[in-house]
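Note that chain A is present in both complexes that follow, paired respectively with chain B and with chain C.
Right after this comes the complex of A and B.
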């Protein structure tokens, strides 16, 4: 899923400075699962903004609404009636796709992102998420013991670790494990080191961001 | 003004310890400030930051969560989870310029009626010292 985290309250306060009526819109997709922008987080942010305004004696109305998803136009349409209530600002608590879809559907509204979209990853434990995919567009993890060196190696190396690998840890931080250490350990344990010998060719990055913004068209699904 | 101020405090109390301790404090006829409103929760693991935020929005001057002694939670780690949530919300309150000491976590056992009375007094004194909640002042206006 897409992992995001909420922006600091101060930054969000800056977005709504001088505004009197604000709508906070959550998303029940990835950001609900990573506890960044679901119904609960919408409630917390809205409450903090209301308390902040009450504290300063400012007149501020903060409404809350959570959509099924903010990355599908049919769900974005559900917001029509609320948007008609004329908000001074709409704070999207989805990954950055959400505010972009909202801004496109409601061009006259002032839409602000309340989350920072961080990476594609998974939960290592409740409350801990780690990057596991870089959306390079050409998955080859089967060549690496089911681990992705593109997203999980700091240098995206495809042919073994660099000199910065020590004791299973990457030189950039003691918190970052060297994925090549894990890959090599696993392959050696399975006695498959010979399968592993061929040099990986230079990767074609055109399917990744290097090829520009990407788009998929599935003709059988298009109406 | 501050002499007349009597804080409004909401206490989220676990039924296995703090709530029973409050009961005991009552049975023992212990005196403690009457400005605390106790909310029974099945475990402090049920405590959620939104509950405390709603309490502040509704005019509470202080909120505390009282759970079992660490290691003694009926549901193993509900009180540890609550402690982390309280710590998280204290930071959030600070980020909007509200004194974090308006929110606290206490641990006690069901047999500690006197400690319950002590906690109410201790927290009430802290909040009295802080004065009326800045959010509450504006609500009243």
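Right after this comes the complex of A and C.
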């Protein structure tokens, strides 16, 4: 899923400076699962903003609403009635797709992103998420013992590990595991060095973001 | 190993002749003074067969390795231009390879490159379009097959005759896998390989025995990396702070037993003992002297290690 985290509250307060009526919009998709932008987090942010205004003696109304998803026009449409109530700012708590979809559907509104969209990843444990995919558009993890060196090696090496791998950690930080250490160790444990010996071919990045913004058209689904 | 020359590289000629090769290292300045390159070069002329010109090492911006390499060549050295995959994509690298050879560069060392997190521009975007092994393949393709990665053909007179180098680090992990990674560089087409600084001789002996056993040293020239320890402080720093370098306690103890003002001398002595062993070690074709910001000691070390005079080829 897409992993996101809330922006620092001061940055969000900056978005709504001088504004009197604000709508916070959550999303029940990925950001609910990673505890960044679901109903609960919408409630927390709204309360923070109300309390801050109260403390300063400012007049501020903060409404809350969570959509099923912010990456689908049909759910974005649900906001029509709320938007008619004329908000000074709409804070989206979805990944950055959400505020973009809101801005397109409601072009006269002032839409702000309240989350930073971080990466495609999964939960390692409760409260810990790690990047596992860079959306290169041509998955080859089966060549690496089921691990992705493009997203999980700091240098995206296809023929690692580099000379900075020490004690299972990456040269950039002791907090970053060396994925190539794990790949190489697995290959050796499974006695598969021979099949692992060929050089990984030079990657074609045209299916990645490098090929330009991407779009998928599934003819059988297009009405 | 005996074979025909592929390039006009002096380093290649020395290695093919069977002589024990010596390469040095020159770090370009963090500004554009040609004078500093010339000053550093003075200590190396006549003492090494070829000199590595580092490419923005540790991700700190310096004069480009091509420019500094050409300046070094003007002083009478032969440059081994380092090229990292961090800062350039395949388009820029192929272009620079063509340009470098057109300007007289005969050796290239293909590296992945230190991550920019270490350097003076940690906010930068990195490239890593190719990795070092892929880069070796590309250079070989351009030289031997006469084409670019795109398939674009290079006319016979327009193929970069570059002697292709790579790096190897027996001290990074996992230890048992290191020789297999080097095997990939050999298979990719590396003509010569230079190692990370060697301090842990036991581990290096184990590594070389495996490389010899796998037949790698029959296909590619292996040079052993030497960086003399200037002080006990440097030894401790290398041991604790440089990922992929191991310094055994026996070396630390040896430096501890020497008064501070004599530690540099002891470091040179240790390096000379290492070089003597490399000369006799099966599979080692030469040494790579990395005297980082200590270039003026090169004449001393090559003299004491009996590496001069260098062969005329």
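What we mean here is this: the second predicted complex is superposed on the first by the 223 of 223 C-alpha atoms of A that agree within 3 Å, B and C clash if a C-alpha of one lies under 4 Å from a C-alpha of the other, contacts with A are read in each partner's own complex, and residues count from 1 in each chain.
Note that in this section contacts are C-beta pairs under 8 Å (C-beta built on N, C-alpha and C of every residue); 3 or more make two chains touch, one makes a residue touch a chain.
From a predicted model like this one, the values you see are computed outputs, not experimental measurements.
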item	value
Combined model on chain A: chain C and chain B, fit or clash	fit
First (chain B), second (chain C), both or neither touched by A:55	first
Chain B versus chain C as contact partner of A:211, first or second or both or neither	neither
Which of chain B and chain C A:160 touches, first, second, both or neither	second
Touching partner for A:44 - first (chain B), second (chain C), both, neither	first
Of chain B and chain C, the chain that contacts the larger number of chain A residues	C
Touched partner set for A:181, first chain B, second chain C, both or neither	second
Partner chain in contact with A:14 - chain B first, chain C second, else both or neither	neither
Lowest inter-chain C-alpha distance for chain C and chain B in the superposed arrangement, angstrom	26
Residues on chain B engaged by chain A in the complex (per definition of touch)	48-50, 53-54, 56-57, 92, 95-98, 134-135, 138-139, 141
List of chain C residues in touch with chain A within their complex	85-86, 90, 112-115, 117-118, 126, 128-134, 137-138, 149, 167-169, 172-174, 176-177, 180-181, 183-184, 187-188, 196, 243-244
Of all residues in chain A, those that touch chain B in their complex	8-10, 13, 40, 43-44, 47-48, 50-52, 54-57
Residues of chain A touching chain C in the complex	154-169, 171-173, 178, 181, 184-185, 187-188, 193, 196-200, 202-203, 205
